[in-house]
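Here the structure comes first, spelled out in structure tokens, and everything after it is commentary.
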Amino acid sequence: MLTDADVERWLREDVGHHDVTNDVPGETSGRLVANESGVAAGVDAASAVFDYLDATGTERVADGTAVEPGDALLRVAGPAQAVLRGERVAVNVAAHASGVATRTDAAVAAAREVDDDVRVAATRKTTPGLRGVEKRAVAAAGGDTHRLDLSHMVMVKDNHVAELGLTEAIERFRERASFATGVEVEVEGPDAAARAAAAGADVVLLDNMAPPETTAAAERVAAADGDALTEASGGITVETVPDYAATGVDVISMGGLTHSAPALDLSFRTGSDG
Amino acid sequence: MLTDADVERWLREDVGHHDVTNDVPGETSGRLVANESGVAAGVDAASAVFDYLDATGTERVADGTAVEPGDALLRVAGPAQAVLRGERVAVNVAAHASGVATRTDAAVAAAREVDDDVRVAATRKTTPGLRGVEKRAVAAAGGDTHRLDLSHMVMVKDNHVAELGLTEAIERFRERASFATGVEVEVEGPDAAARAAAAGADVVLLDNMAPPETTAAAERVAAADGDALTEASGGITVETVPDYAATGVDVISMGGLTHSAPALDLSFRTGSDG
Amino acid sequence: MLTDADVERWLREDVGHHDVTNDVPGETSGRLVANESGVAAGVDAASAVFDYLDATGTERVADGTAVEPGDALLRVAGPAQAVLRGERVAVNVAAHASGVATRTDAAVAAAREVDDDVRVAATRKTTPGLRGVEKRAVAAAGGDTHRLDLSHMVMVKDNHVAELGLTEAIERFRERASFATGVEVEVEGPDAAARAAAAGADVVLLDNMAPPETTAAAERVAAADGDALTEASGGITVETVPDYAATGVDVISMGGLTHSAPALDLSFRTGSDG
Amino acid sequence: MLTDADVERWLREDVGHHDVTNDVPGETSGRLVANESGVAAGVDAASAVFDYLDATGTERVADGTAVEPGDALLRVAGPAQAVLRGERVAVNVAAHASGVATRTDAAVAAAREVDDDVRVAATRKTTPGLRGVEKRAVAAAGGDTHRLDLSHMVMVKDNHVAELGLTEAIERFRERASFATGVEVEVEGPDAAARAAAAGADVVLLDNMAPPETTAAAERVAAADGDALTEASGGITVETVPDYAATGVDVISMGGLTHSAPALDLSFRTGSDG
Amino acid sequence: MLTDADVERWLREDVGHHDVTNDVPGETSGRLVANESGVAAGVDAASAVFDYLDATGTERVADGTAVEPGDALLRVAGPAQAVLRGERVAVNVAAHASGVATRTDAAVAAAREVDDDVRVAATRKTTPGLRGVEKRAVAAAGGDTHRLDLSHMVMVKDNHVAELGLTEAIERFRERASFATGVEVEVEGPDAAARAAAAGADVVLLDNMAPPETTAAAERVAAADGDALTEASGGITVETVPDYAATGVDVISMGGLTHSAPALDLSFRTGSDG
Amino acid sequence: MLTDADVERWLREDVGHHDVTNDVPGETSGRLVANESGVAAGVDAASAVFDYLDATGTERVADGTAVEPGDALLRVAGPAQAVLRGERVAVNVAAHASGVATRTDAAVAAAREVDDDVRVAATRKTTPGLRGVEKRAVAAAGGDTHRLDLSHMVMVKDNHVAELGLTEAIERFRERASFATGVEVEVEGPDAAARAAAAGADVVLLDNMAPPETTAAAERVAAADGDALTEASGGITVETVPDYAATGVDVISMGGLTHSAPALDLSFRTGSDG
């Protein structure tokens, strides 16, 4: 969840000790506006910035809303110093989150052209300090948050398997983790995928495989355990996502949704609008 | 400066309450490796992550170093749980900062082909919570940090001029701000640029002008006050930066250096390397 | 994860502004000792307290270790002021966590007499500020942490069902939550239990049912969906846990493991021991 | 005092990054209700939780109020997401504090049957992070908070006496501590108790003595210095408190009031009540 | 900027765990009053203290206002406990800031008798934790904040010059710092002052020179570079500030404005005033 | 106690986002040196600043040590960037604390010329954020910390007496506060002082009385209750402290020890010293 401490940190780093620029009297209003098409997200965070400064949000679109140039995401009113002081941080957080949402939306749309059910998921490759903001932006745009932190789902990796063997590694983590915590196993080929499913993985992560190998692995998993999910991962982009959507996997995860999405172009305009 | 509290926040959001995955005994070592060419940054932050967890950094490259695929940015050793627990956050922060540095480097190189002295600068359009990390990444790659926060330099904007008149607005802020604080004036055309320079601006911000108009404005400023700097800003990209470098401005600022640079592809590899 | 900020807060609230009592020169050593039989937990947290104060832990038992009166859980050495200043907080956290572990151990043992596989789980009814410490204590004693926070697993409750209908409620949350996030449905009778399993619940929470009704519900769930887990909950104690273990449910959850376990009697003894 | 940072930490650890469960529109109301008899405490903390989330407390009982099953401790109204998101943390803190208050009330009542003036006090054996919440719960139920932190009152212990001698130890701490800070001396028998009182202790702590020895020590202290207070401590329970109340000591302190009181059974019910 | 976290820390250190003194019911009002003549500052911080506690400020003077004995700086109303609990911290911060403002005002007045334009500036010798409060108090009284932190302006010191030579030191820092960041050079005599100006310093710091040497240095700087500013620093007091104002320097900086200004005598009076 | 979070906050406010000045390679050493005579305090805090930055303190004087010009309070060594970056904050905190200690020492010396036993005490009029640093500086110089926070000792004030009557006010607070918490009563004349002592005050605060009236009040208190302490307070300075020491009061409290003591002139010198 977003906290006051987050907002405070963002403002403190931007304002400094003596902000002369925004030392203006009176009241004003303004709006956060899209300069290009995309999907809005982080609007609650932008709103929280103004709220911390005692300016009031009067209207806002829901996260996940498609916006066109000129559309207002949020309107605020209050003391001029508060509105002006908050605008840069509010734009920064909303532009970043909306960038994530917009790219997620594009990836989901690309995948859906091929498969109606496949999930397009983010990863733990998020920007430090913004895990929640980015994961919620992904969700708002129809993506899947994937595991939210290390404690959310166990990931059995190469080194675990090397040390313990596949079956025992799964067994050990299954025992240590809660029944509420899924177990995913990372594999590097169709054979290992089948073995992981047979050994009881909830999800089999098909890492860095080309689409044909991914298809083969997904089939082997389905044959081994009809309930196990499959996830394709590793360098997948908006351009290549349809190829993976066609492989029959359940989930396609893309680090680039969060770590490399360009910001959506937003700006803040003070004063009344026509 | 980077603080323990920053690192703590990044780790806490990634680890959660019960991280079974990395609950392994013994010692291990590993290295942060580049998977593509670029410029390293955020290595000190990555190192601080491991340091917080009581793993030890043994070698690292300086921020600003050019790296090729396979190059190690940082080597660490320590308790396996510490090394494994820190790797994702360390990669995330270094990949983000290195992405900023890499794009800055590209922009600087593009500008330098045209003009040896022009500065390529970041803006206040940074990712919330990472102002310092991003500004230092820009500097490491040869870019200019521009003002670090609102208190660093006064920016006289449209609305100030509309309310007070140009000369009085500059005068008022000059009086309120310290002698240590420069005054920059945002203008939208060559005439206003000349007036701003004549009125005593330290820097004249040529906002959203095409290159030819920028050239004209820069000349007008030089004629009005030989000491005033000029800055071009507004939607400038790595592709268009040479056109602005040719205009004679002193500074070209690009929000995209920080808000839209894709992460540099880095990964963490445990164990000894050949 | 436990952070320095946690330790700092615990120490600050105990020490105050001018601690004369522990203002003694020189070095000392000491040990955290059990005064009654039980299961150790929170030893890492106790160790972190001394570490923050620059005293050094020299030996410690693993969380989950059974201890007898006189057994040392942790030995430390360092500046006398550091050792003395840390001892109360270290005892407080370890005694609390060990109390949770000891009660968990008793509940697990009671359940295991009846059923080898049933899991005894904690709930979100934890002491504010100690979620992680308590959950890890439960795990160390062989219990199941259950969901670690609201984001870990979706819980479909009465009011959701009332508003949306069972099937649609499950459907909606399934869609909004990640594939990595399980969906549990709270029901109040065998019929609803069967419907929840049929509608796709990962876990069916049998809330406040007596053992016979619980047995019936577990059977209905098994018939409806062989993969769905069943969880019994509501006022279950160490005394009644065997009755629930005999019902065939997969999980028995007990708020009392965390919110009402008496502290294990520990004390800190300075100086060398024979 | 309770701070926003405390509430924020409690909520953050319970909510996580993406709470789908409570993502519901509209307004709702609810109440915090007792499921068993006891003494309410921590109601202000529960109220602060909702307040942080922008739900409004409309009515509440004072800490220290006796409650019966069905009684409401607090009523709140506001956005459904805020009310639902706050309920678990609010219940957890109030149930914990009310558990402390209820046990304190029982101990005070047991003591008062024997002696009208004896004080039943808590110790520094509190739950880390909840020092203030627990101490205020003790006070609300008629107990005595005892010293709030190490800086509140000096405690002269065995090791101090061993090193410096009784008289000099008291003298030294008296000199170093403020006139506003009392000096208590821990002793292990009637003789030492008399010597401590004669040497100027404000309070003599009779540690781990059986009731008859406690009576003897209290008499010796009274003979040595009529103004010195006596405190009995060490493994005293609600069952044995009357025996100590009969010894003539001024204070009976019980670590179990805070570290081992079971939570009072409270729950949160949404919607209007009849 | 002042944050809630600052106010929280100030209150927490003053209130402790169980504040009985101010545990009074009902509503009250009060005012922060000057007991001596001076210049008000920190009124916003005092107001924020009451605001955090949910008492309301009803009227206040602007920072920088001259006050006479009996004048109210701030009026508040609200729950008695909130008003009483906040008063000491509110007085402490406003008395401290007003002390800084009052001394600044005296220094500015003394300087202005000799020179209308000279700036009287604070330094980085501020009270830890109160950088912003003190700098804003200086500005409110007509003083100059000087650089707000290390990143605001580069200071080239003896050791830099010793290592690199004057010209190269300036060059190197000019290159590393932003165009938005001035470069000041510390010198110890008129010759070095002239060299620094010639080498491109924005500001030349004339450190620990007597007034005649300062005059000479200022003239040398003016001759070398008409745009370079000069700053006199080192043990200057309100008594000696006119001597330095007569030297022709642009800035006179005084650490004593912030580190040694006695508090202005303020008190808080509850209840209505005639 | 001093925490890492305090040091972090002090450094963060001084360093900013991009400190070019201290970006120097290699190792260095330095010392914190007195430029005038006084009493050292805050040396532990200065040391903690360097420690946070990973520079090492090698030698230091104890708080309370008298220092002469040229004396080193602390020596440190480590990475040049760490040493240089820490020096300003280290000087600021030690100079402030040493100023408090130096003034306390002067007040204690002045009082001791008249009365060997009278205590010279600080008040709650401390600098926000530095309560502990200042109180410990007072104690180091032989002063009395007085109550450390609102919870340490109850202060019965005018408004309490007006509302409840003297006897009942004392009674009520005695009942609500712990036996470990003293009760002080503020009075404005000898008659009230006698009544307060008779009513059971532990300490009688003689507020704003001239010395003769103070003498009379102290005598009346002694006659009413030989154990009650008396404290003189209100505008007492180093100059007037002997007059109050001659009145026979037990404690003389002076807000000016903490809120108006000028900093002791300290500086930091890098490199080896002869």
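Points worth noting:
Order as written gives the chain letters A, B, C, D, E and F; numbering starts at 1 within each chain.
Going forward, a residue touches a chain if its C-beta (ideal position, glycine included) is under 8 Å from a C-beta of that chain, and two chains touch if they have at least 3 such contacts.
Molecules present, by chain and UniProt name: A, B, C, D, E, F = Nicotinate-nucleotide pyrophosphorylase [carboxylating].
As the structure is a prediction and not an experimental result, all values here were calculated from the model.
Chain centres here are C-alpha means, and the one lying farthest from chain A is F.
On superposing C-alpha atoms, the copy chain A sits rotated by 120° relative to chain E, to the nearest 5.
If you average the Cα atoms of chain D and of chain E, the two centres end up 44 Å apart. Separation between the centroids of chain B and chain D, computed from CA atoms only, is 51 Å. Centre-to-centre separation of chain A and chain C, using mean CA positions: 30 Å. In chain E, the residues that reach two or more other chains under the touch definition are 4-5, 13, 15-19, 85, 131-132, 139, 145, 148-149, 151-152, 176-178, 181.
Interface residues of chain A facing chain B in the complex, by the touch rule stated above, are 6, 9-10, 13-24, 85, 88-89, 91-93, 95-96, 99, 124-132, 148-152, 154-157, 159-160, 173, 176-178, 181, 255-256, 259-260, 262-263, 270-271. Taken together, the chain C residues at the contact with chain F in this complex read 4-5, 8, 11-12, 15-19, 85. Chain contact summary for the complex, chain D toward chain E: residues 1, 3-5, 131-132, 135-136, 139, 145, 148-149. Residues 119, 121, 139, 144-148, 151-153, 176-182, 184, 203, 227, 229, 250-251 of chain C touch chain A in their complex.
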